[in-house]
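There are two complexes below, and they share chain A, which is joined by chain B in the first and by chain C in the second.
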Partner chain A sequence: MMRIFLLIISLNFIISSSAFAESPEEADCKGKISFSTAEVYVDSNKDALTAYQIDIRYDKEKIRIVGLEGGADGFNKPPFYDQAGLEGGHIIIAAFVSDDIQAKKGGSRVARLHLQTTGCPPFELKTEPMAAAKPGGKSIPIKVKIDINNRQSFDNR
Partner chain B sequence: MKRKCLDLLFVTILFIISLQIFPGCIEKVSITPDKKIEITVAPDSSGDEDNYDYAMKRKADMSASDEANYQPKFSEVEYAERRSEVEYSARAKAEEMVRVRLFKGNKLTLEEGQYRQNTESSFKDEALGSELWIIEKNPSVIGEEYKTESPKLVCSLPGQNEVILPLEHTSVDAHISGYIATVNVLQKYHNPYSEKIEAVYIFPLPQNAAVTDFVMIIGDRKIRGLIREKEEAKRIYEEARSQGYRASLLTQERPNIFKQSVANIEPGKRIDISITFFNPLKYENGEFEFVFPTVVGPRFNPPGSNTGIGAVGRGAHGNSGQETDVHYLKPGETSAHDISINVDIDAGVSIENVYSNSHVIKVNNKAPSHAIVTLSPNDMVPNKDFILRYKTSGNEVKTAMMVHKGEKDTYFSLLLQSPDNLKNLPRIPREMVFVLDCSGSMDGKPISKAKEAVTRALKNLDKNDTFQIIQFSSSASSLGPNPIEANPENVKKGLQYLNSLYSEGGTMMIEGIKASLDFPHDKRRLRIVSFMTDGYIGNEDEILAAIHERLGESRIFSFGVGNSVNRYLLEQMALMGRGAVAYVGLDESAGEAVDRFYDVATHPAMANIDIDWGNLEVEDVYPKRIPDLFVGRPIMITGKLKNTEKGRIRINGQVGRNESYVDVAVDPNNSEAKHSGIQSVWARNKIAELSNRESYNPSDRLKSEIIATSINYNLISQHTAFLAVDSLERTEGDHGYTIDVPVPVPDGVKYGTTVTN
Partner chain C sequence: MGFNALNHSKGKKMTDEKNNKNEELFLADLEAQRTGEENGSSIQPDEQAADDLKNISGLFKAARPDPDDISESVDNAVLGYIREKSREIRRDRKVVHLFPRYKWAAAAVMGVLVCVVSINLLYEKDKTAEKILSKNITTVPAVLSVKKDGKEYFAVNNNQSARIKPAIGELKQDKPVLKMVSAETHVKKSIKEKLDSMPAPSAKDIDGNGRIDIIDAYLLNQKISNGTVTSKELDMNRDGLINNEDIEDIAYTAVSLKRSEV
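This part shows the complex of A and B:
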């Protein structure tokens, strides 16, 4: 009986070790520090986008934001940010076009986040639009998309 | 190919060797769009012991005692021989050259044809005897991206060497609204070498600057940096640098000293850094004062310390034993780094008499209340504080309170000014203790100025006063064991003692503090301890802690002597010492500065101040302990408002020996009295208060509170840093060489007595 018991324990140990064993790829990237970028796109549909405010959350153990860059056209200046949650894996970015003529309909690349990543992918950034406006200041609905290093990620909460 | 090289010559380096008889140098060379060369010759701006006429002029400026001991470096004959030698060697080195003659302080435009075709062009202008040899050389770095706005200029006097820097230019743009300036500093870095580099630059900012924004600019791209805890920011920066990413890190070494590191600048490429800060102006005796420091003075660090600021020669590493070193250009070395300053004053009331005693400026009066001030292109060497002053109409600040409604809180700043009727208060008998810095950095003009100031002050003493004179350098000594009465015989003794003092050795200011505060206080008199110093020390915290411990009933009045003094130390000594601070530049009258200053010291308008806020609800008011109020010197108080009702506040305090009060009407809703920078100024004051406490009673709690305030309000502090990384693309190769940007020794300071080689 004792032998059977020990055999079962040993088999369990072997099986669980195999299940949790790292793959070669995981061993490669474990603890590795890298740098990458995330493009932030806003889809304002039929409305011209003049301003936005977006809440972005991430795992602070895996991602650090190390720079904020503007996007394209009217949003080419670096966005402003609320740093209160920065240490907790949370940032709010906001920007506006200085001239309504620069406001575009449909999709706009509004910002680029510069990231330091630690460990293995996937690295996820969850976004929630907080506010957006069209010329005249009227509030409009938007969708937000994050594109991390050309890997598409639709991640609206 | 030949044509391309020749074309590139117009946008590349010109080496100009100036064989000037008079001191001074070529300050600017630029290529105009139609390919003419414009050369601007500066007025005398630097001393040069190799020049006989300068030596004679210097001698004429000296006091009698100093003049007797002065010897020029060479005789007149020797100077002439040296000049001939250099002429010959310049000709031998030239590949193609043009010899021209110039007026000092004038511009001369050369036509392209003359410049290129004639080896000896003659301009028959009436010259002051100056000659220029302009030598064309091929650029050391060839590349389509490598363009300079103007040819890199080397101003070389005989025996001088050019030092090529990765920092080309600093531009400062300030906008003043009310009494707060919003200032943007743009530093332009480039790589003139053939390998990748990291540039490291130690530079000053005003000691009360609230640095709130940091942007790294690469071509058309702008990357905003984020504020982080300092050690974490350093780790991220080092990792980015080692992996080849362009990155920049801004850290605070002292409240007025910052370190900018820019990694992975590729050969021929540029990276610009933009820093923005808010800065409340000083208001004194009816004038606003805007100060922008341009160079960190060489600091002395007590033996055994390693957390100070070292002063080393260019390229020296580890010589000072300190964590941070400022590298100084050696005698005979110059650089092309220059600074431009533009100040836009939007005062809200009529502006009168805009002037600067430190620099040559141009004032453009756009409107009675709006003026734009520009630094002269002939005065752009960054080796002294830029000081701008102006009056506004009337003799008092019009708006006492300014507010800013933030997202969560409303912030205010309040200028408390003493009423005019307190100007004629009776004079209090004083126990004057003059403490004179006789360290090596004070050698030359600074100590002459300091002696001039003390001489004036001694002669103004009243018969009811007593005085003591203490000198400190590596140790301290005094006129006598105790203060003596200010009768004519004793004043004469004091003057003799003063004249016997000379400068050499280190700056053990702690010995001066102990000597001036540790002896028994004469209770019949107000003890005023007046420090006359440039403040060039690296152990500010130790000094401030010593003052906090020993002050008692004394007052400290700090007197900054020099063109680039340590204003942070001097202001904090005065704040902690419940006194005031004054400055005298090397080219200003010490007598006038002393008369104004000691008039203030003799007449504190109101002491032991406490404010009754009436129906205003306030919290988090800084400074916690309100300084004494002096006539003509308002105090700024910042805090948070919980309501914004109009009201009347009462300032209670002591006037002479009597209790008194002053009522001030305030209206937080005054639409003219708003400024978005007030929130940052308040947060900066809170960090300053916490930091002062940390200097004499450090704790983890204080450190955490400083970090939290810094991050919440996006302000740099001693425990946080701004960091920006361009993660988009990696540069090739390893991280290259680290180049510490050397700076000139401040105007009036001697390299030999201050810098460790």
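This part shows the complex of A and C:
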């Protein structure tokens, strides 16, 4: 019986050590600082989008938000956000159009985040829609998508 | 003299050979007597013994029952016993096939338990504190309570009437996920005390849905643009003016993070 327990423990050890073993790519990007942009898209489907509020969560050990800018059309101004959310792993961004004429149906690029990433990808931003409205202020459902791109790497070692 | 001595020694030699031959014959007789044979005779079967054997064989045959003579109940009992035994053997074989030894079976059970515990731990780790806490939330936004006929009513989640759940949205009786329950019957005293101590609905919650979000800022912007602002309550920063600063005040409230969450 003792042998079997030892066998199980050693198997666990082998599996976990192999899982945590560094691949050559990982060793290459470990500690590297990169800069990326993340495009935030909102799909309001058949309703015109006049306001949105999105909750974004990220790994604060790997990602820092170093800047925010607006998106296209009516959302070209930078969104509202809390400064504490730039490095804390959690940020809420929100914006509205100043005039209902600017509201567009379907997908819109509403914001761009500038990210400083450390280490190896994947870098993930988890989003959750909090509120959105159509002209008149009635609440509507939306879908949110974030695309991370344009990595530029700098060696920090 | 020499010739006589030679004859004498020759005669003695012949006598010795004769004695040896007699001794061999005597031993052969003894052996024949012991084995029941005689020189030149063959084995004679004992007829009496053969008859006895035949009689014994006849007795055995008589003692063996004819299969047709065995009763059905005895047959069934024997068959039942055999079936039960063969089932047991098959069962044992199946277990042996899966796990050659009971030790391995125990090890497999232990392995499965370790996996289940690990998965549970990982799953719990992934759960945010917010999700775990949401099971036990006992507060209700003030706007979701009303007084009617001297009784206080609360909007609660339809699925869990016994417990107050955070109900988001306008207080409407026709809202499918919400239903109204009397505070007296459904709300614990401690929860009611909490509700009593809650502040009045904020002026920033322009659409009155119990939350301050960007839609409130948008609505104030609309009101200012349309020139339909009438209430002084919309002067958020109390500077005597209702303008963009008040809109921003609502918007920043909407996106502000609780320090503990960051």
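Note that in this section the second predicted complex is superposed on the first by the 123 of 157 C-alpha atoms of A that agree within 3 Å, B and C clash if a C-alpha of one lies under 4 Å from a C-alpha of the other, contacts with A are read in each partner's own complex, and residues count from 1 in each chain.
Keep this in mind: a residue touches a chain if its C-beta (ideal position, glycine included) is under 8 Å from a C-beta of that chain, and two chains touch if they have at least 3 such contacts.
The structure displayed is predicted, hence computed values, not measured ones.
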Query = Does chain B (first) or chain C (second) touch A:84, or do both, or does neither?
reply = both
Request  = Classify the contacts of A:133 with the two partner chains as first (chain B alone), second (chain C alone), both, or neither.
outcome  = second
Message = On the A-aligned overlay, A:96 touches which partner chain: chain B = first, chain C = second, or both, or neither?
response = second
Task = Figure out whether A:8 sits in contact with chain B (first) or chain C (second), or with both, or with neither.
result = second
Query = Touching A:45, do we find chain B (first), chain C (second), both, or neither?
reply = neither
Ask   = More residues of chain A are touched by which chain, chain B or chain C?
value = C
Ask   = If you stack the two complexes on chain A, which partner ends up touching A:36: first (chain B), second (chain C), both, or neither?
value = first
Note = chain A residues contacting chain B in one complex and chain C in the other 79-81, 84
Task = Going by the contact rule at the top, pick out the chain B residues touching chain A in the complex.
result = 215-216, 220-229, 236, 239-240, 243, 245, 247, 711-712, 714, 723-728, 730
Query = Which positions of chain A touch chain C when the two form their complex?
reply = 1, 4-5, 7-8, 12, 50-53, 79-82, 84-85, 88-99, 130-133, 137, 139
Key: Parts of chain C lying in touch with chain A, wherever the complex brings them together   = 103-104, 106-107, 110-111, 114, 207, 209, 211, 213-215, 217-219, 221-222, 225, 248, 251-252, 254-257, 259, 261-262
Ask   = Along chain A, where are the residues that touch chain B in the complex?
value = 33-37, 64-70, 76-81, 83-84, 86-87, 112, 114-116
